[in-house]
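Paired with chain B in one complex and with chain C in the other, chain A is shared by the two complexes that follow.
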Partner chain A sequence: MPLDTSSYSLALLRLDGRRWNELRRIHAQISTQAAVDGSSYLEMGNTKIICTVTGPAEGRRVGGGGSGGEATIQVEISVAGFSGVDRKKSGRGDRRIFELSYTIEQAVQTTLHTQNYSGSTISINLHVLTQDGSLLAALINAATLALIDAGVPMSDYLCACTAGSTTNTASSKGAPRPQAALPGLSSLDEEADDPLLDLNGLEEQELPFLTVGTLGASEKVVVCIMETRVQATRLEEMLAVGVDGCKRVRSIMDSVVRDHGKRMVDEG
Partner chain B sequence: MAPPSFAIPGQTLAASSKYSPGPGTHLISSQITSSLLGPSDSKKNTITPKSTPILSIQRPSNSPPQPSVNTQVYARITRLERLQARCDIVVVSDIVAPLPLRGILRSQDVRATEKDKVKLPECFVVGDIIRAVIVGLGDQQGYYLSTAGNEFGVVMAWSEAGNGCVPVSWKEVRDSVTGVKELRKVAKPI
Partner chain C sequence: MPISILPPAPAPSISYGADPSDSDDDFDLDGDIDMEGTSRGLKRPRTSQRHIVTPGELVTDDTQWMRGHGAYHPPDSTAIHSSVFGTILKTNKLLSIIPLRARYTPEIGDLVIGRIIEVQQRRWKVEVAAPLLASLPLSGINLPGGALRRRTAVDELNIRNFFTEGDLLVAEVQSVYESGQATLHTRSTKYGKLRNGFFMSVSGAGGGGLARKGGIARSRRQVFTLSTGRGGGDIDVILGVNGFIWIAKHVKPKMEEGPNRLEESVSMDVYSSQNNDIGVETRREIARVAGVIRALVEGGRRVDEEMVVKAYEVSLEMEEGMDVEGGDFLGGEKGRRVVEAVMSG
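Here is the complex of A and B:
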């Protein structure tokens, strides 16, 4: 029987039945592959990521330009052709993928103690199996778990999540409402322009959102990426909701890491 | 306050006034913080005994044993080439490796004497188990092994007929069923 979603809008629930500040289910595993130094599998809702980390290992220098006493971090993202709704050939030089990997590279560089491994390379391989929103956040979280498994020293966890905003500013100015196609959202914006936590793929297409990544329990923002337009006044509460979401993501990842650590100690 | 027995990255362990930061830790505003996942360990500072004990985080030892030079290993021959034999290292200093490590046995490392007269097919056959010693860490291709010395060489061999063999001399083994002799660089039984 299909789920009756007609009352969702009355109860201010989202399309998938969550409240505005609820995360999707996060499931994570560490050490999934034996052949690499560190690996992880992460699900955030229907976004599923496999991450493998090799290194720190002797790197093959490309071009000879040394980065002077720090380890190089290589991030490679491969998006499976079947991961989205419509099948896409993954272009090698996709700018979006390049930007994702660059963002992860920069973020990871700030948290890892790369100065201990000068001249070596840490390569992070990320495979996107299915994507349903919060792609960058899921990639960052998966990379963090795999790096913990690989035993690369880091200052703290890097965890990320997305936050969006149901703006009704567009409708108040008489502009066409982009959310009108989604009944659950269109009724929401009559109430107020609420911030939303952890957007799924459908919401991401319709609403402005940002991805925020924080370092550990502190509220230190390491990553903040927004690709859509939003009114500047909305930004502050979106960021606040995002940072709060990161804390909850962190507590989930924390329990996963602790479980794994216990198992490691018991076995070895 | 005693530091926690088990630490995760970013976890505050102790104040730097009571301990000194060791491997696997870092300092954040005079607090020793873990940078690895693993059990914590405090040791006395042996260099300056009067200072605070060193607090460190060790990775649990279920990570594969890393061979070093002069480590004795057991390996299975996987391929014979003209000048070198490739093999999979399966046991590193009496610990079974969870994943075989690649090794290379060059013909000049097979025996200590008459190095240039070594013919690899007269010393090994693919599938033989050898006892060897690591002589170099090598590169991406694998560890360099050596069987120079009496106690190194083939320890388990199978004849062309597929039967197990027993050593009869330092360079010959005999099929335990058919009695046919084959050439090997045999390890001295210990």
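Here is the complex of A and C:
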């Protein structure tokens, strides 16, 4: 069932009342757990993540030596059974979860400066409490915040968000669109297959989308994952919107970290 | 296509007392950080305590500064960017960033408390909350029986008689390898196996080791004896720089025959794992000391001798004020009041 694009086009508002270029509310906290080296809690809309980071600490040696000059990064994701719409038993060997953790591991590896921590392990534990779209993006952002809290050196924030594209089935089939009759609204026609920023769960099910993660405010893309099909021509603008969204996400995360730091400095 | 990203709709504020109006006055990503005090020749290290930098932030693009810990050059530039979240420390022309929170990094001479994780042929592996396990060689301990004798093959075979897995010990960092791994030694009567007490872990002096908030700071005296009230007797407090704390009943060394004899008095009971008798009063005071330290940490205060002693006295006074049975717990509101009283008094 395609997304009800007619209501979107008319008011240019999405199902949850956002515009095409509007992020959901991001609320984050860092240093939430005292017992670990770094921790964070992140909400992107209704997607809620808890992240804890332990390390760098000497873990169990995997294989021979293990002194490749860099720290090993372990990412573990646990999705709560109650996090989705219908209750799911968490499958241990879920390939989807495995791929998510592998992606995060690779992305984090490029961002962290782990040369000084050879032979040690940084383990990132992510707990998904609620999922409502943009899961990978939220996981990456939560992991970044927890790593910052743990004091692990990194080149910049790793921030991610999703971008989608409205499939305008009506115009592609050549059928007349409801507002085409109104002359004043004809300009909206071109924007009919708008890219969308930061998809929620419902939109994710129905629209093609990609997750893009960048290194800080630069346009250096570290993560780019797309699991759905989309017309190649639309990809560029989706990516552009995603990258710009990441910049905004970075500034939000940065202000969270700064607020926290200010409180720490003022207290002591 | 020009893209503008709208911020998310403002939410009902559930933030924790932070004033939203002051959040953006120092939020200036592209600008340079005010390098106050650069004109004067600075002899001693100086932190700009107020200014916080976050990862990726441009600290300065002035080439006169040298990059220290917590800072990096991007691949194709000479500008200095921060790689951690912390405050700036300037030592002459060296610029480093002290993380507000980080794991302990060993430095030579640090007094640490550790736990034996692994016993190997000629050494022990010790967990000291550092990125790598520290190692304690058999030659780094005082062997029992006679003055500083050589270690023998028999000692190697009996290595578990000295320390075994799970044992706690206090030691000094003797050297640090390039990888960051520390080597410890316990060749002093001050160091050795820990008994008769209570272990707790708070955050240690991570990063640069300057006074950080809510943790142990490197100070002149890491080990002190507290004479407690209420018949508790004397209590030893050892504040490991790595954030591990040991609070124990003070046991007088058996032999006191001058400095030369002390070294020789190392007998096998230094390595005994048997606790002495500890009275109820002493246990209660040990718990109280642990409580005040926990309250200090929760209040984001530095933990050192001065603060612990002061906080302990405050908590005792508070106890006198209200003679409620079972009022020894120092968490929550009570802990906060203790910390406030310490800071004001």
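Note that in this section the second predicted complex is superposed on the first by the 233 of 268 C-alpha atoms of A that agree within 3 Å, B and C clash if a C-alpha of one lies under 4 Å from a C-alpha of the other, contacts with A are read in each partner's own complex, and residues count from 1 in each chain.
Here, a residue touches a chain if its C-beta (ideal position, glycine included) is under 8 Å from a C-beta of that chain, and two chains touch if they have at least 3 such contacts.
Please read these numbers as outputs of a predicted model, since none were measured by experiment.
Per the definitions stated earlier, placing chain B and chain C onto a shared chain A by superposition produces a clash between them. Judged by the touch definition given at the top, the superposed model places A:Pro153 against both chain B and chain C. Once the two complexes are overlaid on the shared chain, A:Gly133 sits clear of chain B and of chain C alike.
Within the superposed three-chain arrangement, the count of touched residues of chain A is higher for C, of the candidates chain B and chain C. By the document's definition of touching, both partners, chain B and chain C, reach A:Gly261. In the overlay built on the shared chain, the residue A:Pro56 is in contact with chain C alone; chain B does not reach it. Legend: residue contacts after superposition of the two complexes on their common chain; A:Pro208 is shown touching neither chain B nor chain C. Contact with neither chain B nor chain C is seen for A:Gly164 once the two complexes are overlaid on the shared chain. The superposed model puts chain B in the path of chain C at one of 150-158, 240-248, 312-320 or 330-338, which is 240-248. Applying the stated touch rule to the two superposed structures, the overlap between the chain B and chain C interfaces on chain A comprises residues 58, 113, 148-149, 151, 153-157, 215-217, 254, 257-258, 261-262, 264-265, 267-268. The touching residues of chain A, when paired with chain B in their complex, are 34-35, 58, 113, 148-149, 151, 153-157, 215-217, 254, 257-258, 260-262, 264-265, 267-268. Residue ranges on chain B touching chain A, taken from their complex, read 6, 8-10, 24, 26, 28, 33, 35-39, 59-63, 98-99, 139-140. Of all the residues in chain A, the ones that touch chain C in their complex are 18-19, 21-27, 31, 37-38, 55-58, 67, 71, 113, 116-120, 148-157, 197, 215-217, 237, 240-241, 244-245, 247-248, 251-252, 254-255, 257-259, 261-265, 267-268. If you check the complex, the residues on chain C that touch chain A are 1, 3-9, 11, 14-15, 18, 23-24, 26-27, 29, 49-50, 52, 54-56, 70, 72, 74, 81, 83-87, 99-103, 129-133, 179-181, 206-207, 211-214, 299-302.
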